[in-house]
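In what follows, chain A forms one complex with chain B and a second complex with chain C.
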Partner chain A sequence: MNVSWHADDDLLTRYVSGTVGPLDGASLEQHLTGCADCRVRIATHVDVAPLELVWSRVREQAQAPAPTLVERLLTGLGVSASDARLVAVTPSLRTSWLFGLAATLGFVGLGAAYGGTRGLTFFLLVAPLVPVAGVAFAYGPDVDPLYEVGVAVPYSGARLLLLRTAAVLVTSLPLVLASALLLPGLSWTAVTWLLPALSFTALVLAASTWTRPTFAAVGLGIAWACAVGAAALDRDPYAVLAPTALLVYAVTGIAAVLILRLRIRRLTPLGSLS
Partner chain B sequence: MQTDPVREDPELLTAVAGGDLGALRVLYDRHSPWLSARLTRRCNSPDAVADVLQDTFVALWKGAERWRGEGEVAAWLWGIAIRRLVSRLRGRREVLVLPLEEVAAARAPEASTEDMVLLGVEYGDLGAALQRLSPEMRAVVQATVLDGLTTREAARLLGIPANTAKTRLHRAKAQLRQNLTEGLA
Partner chain C sequence: MTAATTVGLTGITKKYHGTTALDAIDLSFEPGITGLLGPNGAGKTTLLRIIATVLSPDAGKVRLLGRTPATPDELAQVRRRLGYQPQEMGFPRAFTGFGFVDYMAVLKEWTARAARHDEVRRVLDLVDLGDVATKRVRNLSGGQRRRIALAQAMLGDPDLMLLDEPTTGVDPEQRVSLRQVLSRAGERSTVLLSTHQTEDVAALCDRVVVLDQGRVRFDGAVRDLVATAAGRVWMADAPDPAARASWRTGTGSHRNVGETAPPGAELAEPTLEDAYLLLLGDRALTTEVAA
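Right, the complex of A and B next:
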């Protein structure tokens, strides 16, 4: 690089303030690319305050933990980075939860396949409650270690709950469905359990506008266990998935969604604590 | 702006690739002032310039090992920055890109004699020939020849169709050639 020519202070001042002509500017730019001395000198003409601000952002980003696989997948799908982080830290999305879920389903599925009526009862008992438990453990003071922090931030609790519900359904339903479809002898039951599952999920969401989602899920779980148990005592576990029962699930599910829509603003963190 | 004379840019890049935040800071102190000044001449939004500067150094932090070790680190950094600017502007029409002559014309209506002298020294006939180009053509020449963008990238930066950029560059070169040969005659 030819270093016999250097920019004078006047040229640098006019360049930084934007009053330099196009050709002087272009000429200086080409020179700056190759001349460390002039780069040092132009720094004295540039306002440092905004640069310090940018540096603090750079440092923050450089020190931030690398996004997890789930986060990168979600941002790839168009979810914003902050939402992706919120979904990725959902307690019921943790690997251990998914592993436990898969193991439970494995045993229940085997029972259903080879254990006759009793095995089928177990499948009916567990499968619709899986997404319910997942949703209940996705949000709220009982399970979220960041819940207290979340109360203090200006982020809608409803948005958080719905985001995580979507994430839980997307991860847990295919697992249960796959295990059900792999089983011989379940036929329509392999699909129809989805209706009570979705209906119960909506019920838990609606109930969490009054109480903690975990309470709602436990109550619903007990009620469902009683219903399946009663049907099993009658030697007809399929009764819980009879057409009339399915209609009831559909109606309650739709009602729950409507209630949720009406009361979703009540889903403030403080409201669900009370 | 204190710079460590012992540690040259390539050495600092190696340190950054190894996760040395201090080295990134030294590089930032050395290169952010001129980068921000150069970006400001191409984009009228201080927010956009700040974003691009941030993106550039975050990219440097994550990809310092991509530097091939040839040429100036400054030129490599500018390559990152101008491309970040292009992608920052994609789909965001609220940020205006000012072709250089508009910045200059808005603030300095007349070129001083001094400028002309300096021009003569730096570019000779080429300077005069460049100055005779229309602003649209000069913007394309600047983005491609001086900023090192492809015609496609230049088109995105200037908000014009890629084919238009290609045509303008082609015409600009023809006109420059003609002006220069006329100057010789």
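Right, the complex of A and C next:
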């Protein structure tokens, strides 16, 4: 385009500050579309700080990930936003895991309601292991793709493990309790399974100061299956929840908590990965 | 050891199921970039893991940033000033590049959201990934994923950066821009860089450590390692059966790396790769030339 005139500094200043009249303004805009020189000059009149602020806010809006459902739930419960971030990626808190869990417990509950002794045995087998599996799949080199890089950071591994355990218990225990309501003739069984469940969870946590939580959970699962199986063969599946058995769970659970208290700071020291 | 020593290793030994990964290693590092070279299984990754505090040695003493980390508190102090890029890193499914680096920043105690997000943007811009920060990591290329992994290691400008093959799978153009980023980091921090690429070491590092079978085979200036190959690299019209390695170059003549001059050969200027081949012999060939 042939340019016959150039904008003077006064016009540019008035345009940038917004005090230019409509006619001069329109004329300048028309001119700027065709004149590279004046575009360069007007740029020097513009204060970039507010523009950069706007741009950084736009980037923030576009790039920062929106908090997930779990994160919003946790912050609603008073957990800090950054802690919620760390908990929300837990494999055993994913929606797919929770749906799978709900479906399994639905089947188990129905089996217990209508399946007689066998259905009940199945419920006793599964219920206490649900939180144990959730905890085992919440932390550690087998399930967390970021475990190795997550050890080399100042954030406490113990804190992360306990946060995730709490979140797993809060989500999984109500689901098991709901399925326990399907048990025939609402008995104490609907709640007494909580004791082995909590005791086993504490055992897995204590064991994770020595070994991988998944190993500990598999070992416990096999032992529990043997105990429930043996009781079922005696035609008395409730034996695993007999008062003496409950006492054993309570004692081992308390012992596990004490060991955990003593050893938890060793959770991710040098050598937790080999 | 001097006051500037950031990493001091004495007698570091690590065994896995009977095989020795590291055999009584003594090394110390100061600010600047050091390249770790060696064939697969030489112990490079084990060494970096030990310095990164994710693995404990079976024997030996590790001194990091002026501390001997034994208690959890001392470990946390060291980890605050350390950036680590592991050789392999999985990414949780739904993570975007930004989300991933943000997650790592939370673990590195950036609790204030606005400051944390600014820092995440800074490191993503450093590795040229600002534009794809909203894409899911699963949908990025291998080279882009390596750069994301590098970005998290640069959070907070750590005094000690441990990078396990940061340039693997990164395309040549990006590799050059990564070199600029790393060389700037090396002006202030201690950067240890394990790699298979002798060109990266030649381009970036003042110092090179060659590991082989868990032992240090060379430790010194890059130009000193190159100098060991002087007078042992020849250009000839035919391959030399006596040479350590011999290949036909783009110009049609053959580059022979060996002890004796083949008939009618001319001496050639040695490269770091030649020196590395001569130092390690056949074991270098199995990975370096094949790779």
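To be clear about the criterion, the second predicted complex is superposed on the first by the 205 of 274 C-alpha atoms of A that agree within 3 Å, B and C clash if a C-alpha of one lies under 4 Å from a C-alpha of the other, contacts with A are read in each partner's own complex, and residues count from 1 in each chain.
Here is the rule we use: a residue touches a chain if its C-beta (ideal position, glycine included) is under 8 Å from a C-beta of that chain, and two chains touch if they have at least 3 such contacts.
All values derive from a computational prediction rather than experimental measurement.
Trainee: Looking at chain A, does chain B or chain C touch a larger number of its residues?
Mentor: Higher number of touched chain A residues: B.
Trainee: Could you look at A:Ile222 and tell me whether it touches chain B, chain C, both or neither (first, second, both, neither)?
Mentor: Neither partner.
Trainee: Does chain B (first) or chain C (second) touch A:Ile42, or do both, or does neither?
Mentor: The first partner, chain B, only.
Trainee: Under the stated touch criterion, which partner chain does A:Val251 make contact with: chain B (first), chain C (second), both, or neither?
Mentor: Once the two structures are laid over each other on A, A:Val251 reaches no partner at all.
Trainee: Between chain B and chain C, whom does A:Pro65 touch in the aligned arrangement: first, second, both, or neither?
Mentor: Touch status of A:Pro65: second partner only.
Trainee: Check whether A:Arg85 is in contact with chain B, with chain C, with both or with neither, and answer first, second, both or neither.
Mentor: second
Trainee: Should A:Glu29 be classified as contacting the first partner (chain B), the second (chain C), both, or neither?
Mentor: In the superposed model, A:Glu29 contacts chain B only, not chain C.
Trainee: Between chain B (first) and chain C (second), which does A:Leu262 come into contact with in this model arrangement: first, second, both, or neither?
Mentor: neither
Trainee: By the touch definition above, which chain A residues appear in both interfaces, chain B in one complex and chain C in the other?
Mentor: Residues common to the chain A contacts of chain C and of chain B are 59, 62-63, listed in rising order.
Trainee: Under the touch definition given earlier, write down the residues of chain B that touch chain A in their complex.
Mentor: Residue positions touching the partner: 1, 3, 21, 24-25, 28-34, 36-38, 40-41, 46, 50, 53-54, 57-58, 61, 72, 74-75, 78, 100-101, 103-104, 107-108, 111, 115, 118-119, 121-123, 127, 130-131, 138, 142, 146.
Trainee: Provide the residue numbers of chain A that touch chain B in the complex, in ascending order.
Mentor: Residues 5, 11, 14-27, 29-30, 32-34, 36, 39-40, 42-46, 48, 50-51, 53-55, 57-59, 61-63.
Trainee: Considering the complex alone, what residue numbers of chain C touch chain A?
Mentor: 16, 49-50, 52-56, 62, 69, 72, 75-77, 79-80, 82, 84-86, 89-92, 95-96, 98-99, 102-104, 106-111, 113, 116-118, 121, 133-134, 149, 152
Trainee: Quick check: in the complex, which residue numbers of chain A touch chain C?
Mentor: On the chain A side, the touching residues are 56, 59-60, 62-65, 80-82, 85-86, 89, 145-146, 148-156, 265-266, 269-274.
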